[in-house]
Amino acid sequence: MASKTTQNGTSLRSGPTSLMVDIVKADFPLLDQTIHGHKLVYLDNAASSQKPRVVINALLDYYRKTNANIHRGLHTLAERATDSYERTRDHVARFVGGVDREEIIFTSGTTESINLVAATWGEENIHEGDEIVITEMEHHANLVPWVILAQKKKAVLKHIPITICGHLDLSQIDDIITPKTKLLALTHMSNVLGTINPVEELAAKAHQHGAVVLADVAQSMPHMPVDIPSLGVDFCAFSAHKMLGPTGVGILYGKRELLDKMPPYNMGGEMIREVRFDHITWAELPFKFEGGTPNVADVVAFDAALTYLEALGMQNVRDHEERLTGYAFERLSELKDLEIQGPRETGQRGGAISFTDPNIHPHDISTFLDSRGIAIRAGHHCAQPLMRVLGKVATARASLYIYNDEADVDQLVEALIEMRRYFGV
Amino acid sequence: MASKTTQNGTSLRSGPTSLMVDIVKADFPLLDQTIHGHKLVYLDNAASSQKPRVVINALLDYYRKTNANIHRGLHTLAERATDSYERTRDHVARFVGGVDREEIIFTSGTTESINLVAATWGEENIHEGDEIVITEMEHHANLVPWVILAQKKKAVLKHIPITICGHLDLSQIDDIITPKTKLLALTHMSNVLGTINPVEELAAKAHQHGAVVLADVAQSMPHMPVDIPSLGVDFCAFSAHKMLGPTGVGILYGKRELLDKMPPYNMGGEMIREVRFDHITWAELPFKFEGGTPNVADVVAFDAALTYLEALGMQNVRDHEERLTGYAFERLSELKDLEIQGPRETGQRGGAISFTDPNIHPHDISTFLDSRGIAIRAGHHCAQPLMRVLGKVATARASLYIYNDEADVDQLVEALIEMRRYFGV
Amino acid sequence: MNESLDEMYRDIILDHYRSPRGKKPLEKTDIASEGHNPSCGDEIDVELQVDDDTVKDVHVNCHGCAISVASGSMLAEIVKGKTLAEAFRIAELVKKILKGEETEIPEDLGDLDALKGVRQFPVRIKCALLSWVTLMEGLKDYKSGQRGGKSSISTDDDKD
Amino acid sequence: MNESLDEMYRDIILDHYRSPRGKKPLEKTDIASEGHNPSCGDEIDVELQVDDDTVKDVHVNCHGCAISVASGSMLAEIVKGKTLAEAFRIAELVKKILKGEETEIPEDLGDLDALKGVRQFPVRIKCALLSWVTLMEGLKDYKSGQRGGKSSISTDDDKD
């Protein structure tokens, strides 16, 4: 059992880990269950993470003691709820490296955050002939809105290709990012390849041409220290549910100068200043972009997720995953002909490990692993264009997080070996 | 103490009630607390309702046992989560009177539901010179999107005025709803006046002219039986958080023929069929409109709220609130010169009671009542145009729900009497 | 349970998966249709050689998971020699079996029984369905006289 | 606690609220500004009669809650007789007090101490602020020579 070794760090194979995984694991009630008679090994973290007890309790606590509609409420519950909600905003602003609280907008997810930018900033600033640059490894959330916007505006959609190793191919970058570029929208970390992209460098280049830069940090924010000011981007989008928080909460960071000029997205209560049938003025930031009753309870509970991650330390989270990814690569190499996608240098990638077996379809891999208690994802991972580039219809993906350890990787590898026997191919 | 009388129904004042309020009350943990040394009386239900234990437990349960990203997942947790999520959709389809499950779209709230329609159906179907008809009593959520759409499209925004009694003034209706009407968007129940509008009748009239009809049922769905097929409307929008459900979940009902033709709103994962850089096809209904990871946990927990309401019986909920509204009117009449807005016939209105004191500003009313443990709302209630019609800058609003009883009304009235003494005006 | 896994991947399914029938190209193709489920990437070609309203030979080429490959292989085996009308009825029956609307399987279609195990895996039903729906689409177009072109269909939309 | 209620509605606040000062129209209006908080509907007019850079008289007309009325009434009382520069400094001090950045209050401005209780009610701070911010806006415009027109401001936006 390698799990023991994560505590005293004496195993040759695993090396010392920066997180006390056994202790972390115990904070996640869901992990303590059996699936098809096997202890659950949850390796679908790139899709959504599990929640520590403190987050679940924060939700419970909110509904048991505090719940009320927020803002403008003059009773105690409404004041408490507003305080808690706004405290999370302050916390997010600190967590992402210190930005203004007015630059943090709560949405329903990364997808809505990016759509908001496309429908407001994009609608007003992208014109015929303008160029939008994305990459070949974008998740549909950072792809479909731009494809549709480009079609609507007769703008040109260009993409940065990837190399055979799963990095961005920057050899022709000066032909791609040009004075015509109005927007560079790229992922910080690929949800399929794990690749960490040089966002700072590309943002600087795009800015030289006066373009606006949006980084999809849905995969990086949960897994490594992300400092938005040093990334130097104009917009960032991410989801709470991938970083220990509840479902239904997303964040849009936007530079104040840009947000100030953008029209609102969802219009209704709380986002207006004054309404007449023929004239409307918008509320100040960030409220202009938070029309309607927000997802108060989940935003409040997200605060506990941030606190939990800070207590672990994001650099420790990153170190742990980097080591564990290395361990997984090592062990997976025991499976002859198993093809792993994305960079092999663990320092340049996160812990999403996509792989294919030459003879077994990813769906069958996933179904088989599930029968052994192991949850991974199989499919196109909402990155169909990337799949086409990789020449795959689908991949299997095991993705790591703070509560995974060497034992989980061992269980995965052993099940894969058994699987090959089972299918006999 | 009138609360006793709600159980045996012998009090002259209160009459028998159709709900066992004491038992209901005990299901809501939040209500069991003191505010400023007084037992909490929660009368801010039109803003958001409290949650019964079964809903809170459903959330807990989901995060402790089931949580995973849904759809296309081939592992057990993902299948369970998908099942639970889709079960709520079936439940909503039944709850609203029996519509197709594909016609139920989960959004983040009423506000997003209406904005979705404005940005997709509205964008494609409203043209210069077309007329959009709303009413003078709309919540900003069903007003701002139409004001902005009308401005953008050079369409004409018309409104049905209200009578002095707070009903829609239908005397000139044939000049308002005409062959030029492309959309009638109206609230089923006013969040300020309580008025229940004749949606069926007006929808029929609008349909005669080929218009599309959207009903904002955010206030009616939680408080009375609402049968969408008999309302005869094309779109309906409401929020889970006002009907015992979690925050962050809204519902859009749309007729299949209309939804089929509409472009999507939030674009990303799960809502596409196939993506190429130059060509995209959308997923089938309802997924076309649910881009990105949905608010799975809260949708799953909403199921328990619907079950709870069904167990009470929506007609019982309505009867209870109707009686309690009558009781409140009777008792509030003890306060000389207190001005109550909206219809006085309890059969034609819900339990949102807006009032003003000739000498005390609604904000001071609310602050004072809070010091006595009573939570009400004061302000424009996101209905500024209506406030202007009423000639008020703000009103105080006490709004009732299933866990309120005569004792709550008594406590409110006594506090109001004390308040007049306190301010000495 | 591992039993449910073995329910889905019954020996007969694994056998069809390991050595799919209908691999050989046809001498003459009268009906051709292709199926594609973008959500999982499964792709299938179903081709029939028809003689006097009877399926003389079947070619199935499937890129997909064990379930879709096995299902397509069963199709190749079963449909061969049947009249077009019979083939269509069998495809309808498979749809009903997979949706749980039908459980009785005629003796001569015994292999199909193995597909029942898929019902416990809702996400995989569309994999098992793909070849059959593709066949039906081809037959429909053939019957309505739209010959020559290739029919195209998907079970992603869960509409059938 | 009811103490916190009494903290906010101190006797001095209630007294100003019941009989607000500065009701009488001015003989001559040199500075006029209006404040409006759409979110709560509070509206206020602040007018000054100026003589030799000194506030000779103040007129305040406020439609709003007890807090905004009392705050406007205190303004009328305190600012009268002060130089324009002093008036501006006092308004700045009130802002700081309400935001909790300042707690020391000079003896001659004793009434202002009563506004401290509002700090416990965050939503009400903008009510207490409105008259002072409106005054400042008028003074600024007057100083920058934009005379004649009426200055307009809000504390809704929480920007100050």
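As written, the chains take the letters A, B, C and D, and residue 1 is the first residue of each chain.
Here, contacts are C-beta pairs under 8 Å (C-beta built on N, C-alpha and C of every residue); 3 or more make two chains touch, one makes a residue touch a chain.
Remember, predicted model here, so these are calculated numbers, not experimental data.
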Pair with more cross-chain C-beta pairs in contact, given B-D and B-C: B-D
Label of the chain whose CA centroid is most distant from the centroid of subunit B: C
Subunit B and subunit D, separation of their C-alpha mean positions in angstrom: 38
Centre distance in Å when subunit C and subunit D are each reduced to the mean of their C-alpha atoms: 80
Rounded Å distance between subunit A and subunit D, as computed from the means of their C-alpha atoms: 48
Two or more partner chains touched - positions in subunit B: 36, 72-74, 274, 363, 367, 379, 384
Two or more partner chains touched - positions in subunit D: 38-40, 121, 124
Overall pattern in which the protein chains touch one another (line/ring/star/complete/other): other
Pairs of chains, among all present, that meet the touch criterion: A-B, A-C, A-D, B-C, B-D
Subunit B residues touching subunit D - in the complex, by the definition given at the top: 36-37, 360-364, 367-368, 371, 379-380, 384, 387, 392-394, 422-425
Of all residues in subunit D, those that touch subunit B in their complex: 1-2, 4-5, 8-9, 14, 17-18, 38-43, 63-67, 121, 124, 127
Residues of subunit A that touch subunit B when the two form their complex: 29-30, 33, 35-36, 40, 42, 44, 47-48, 50-51, 55-56, 59-60, 63-69, 72-78, 108-112, 114-115, 119, 139-145, 147-148, 157, 159, 239, 241, 246-250, 265-272, 274-278, 280, 291-298, 363, 366-367, 369-370, 374-379, 382, 384-385, 388
List of subunit D residues in touch with subunit A within their complex: 38-40, 121-124, 154, 156-159
Residues of subunit A that touch subunit D when the two form their complex: 72-74, 79, 82-83, 273-274, 281, 283-284
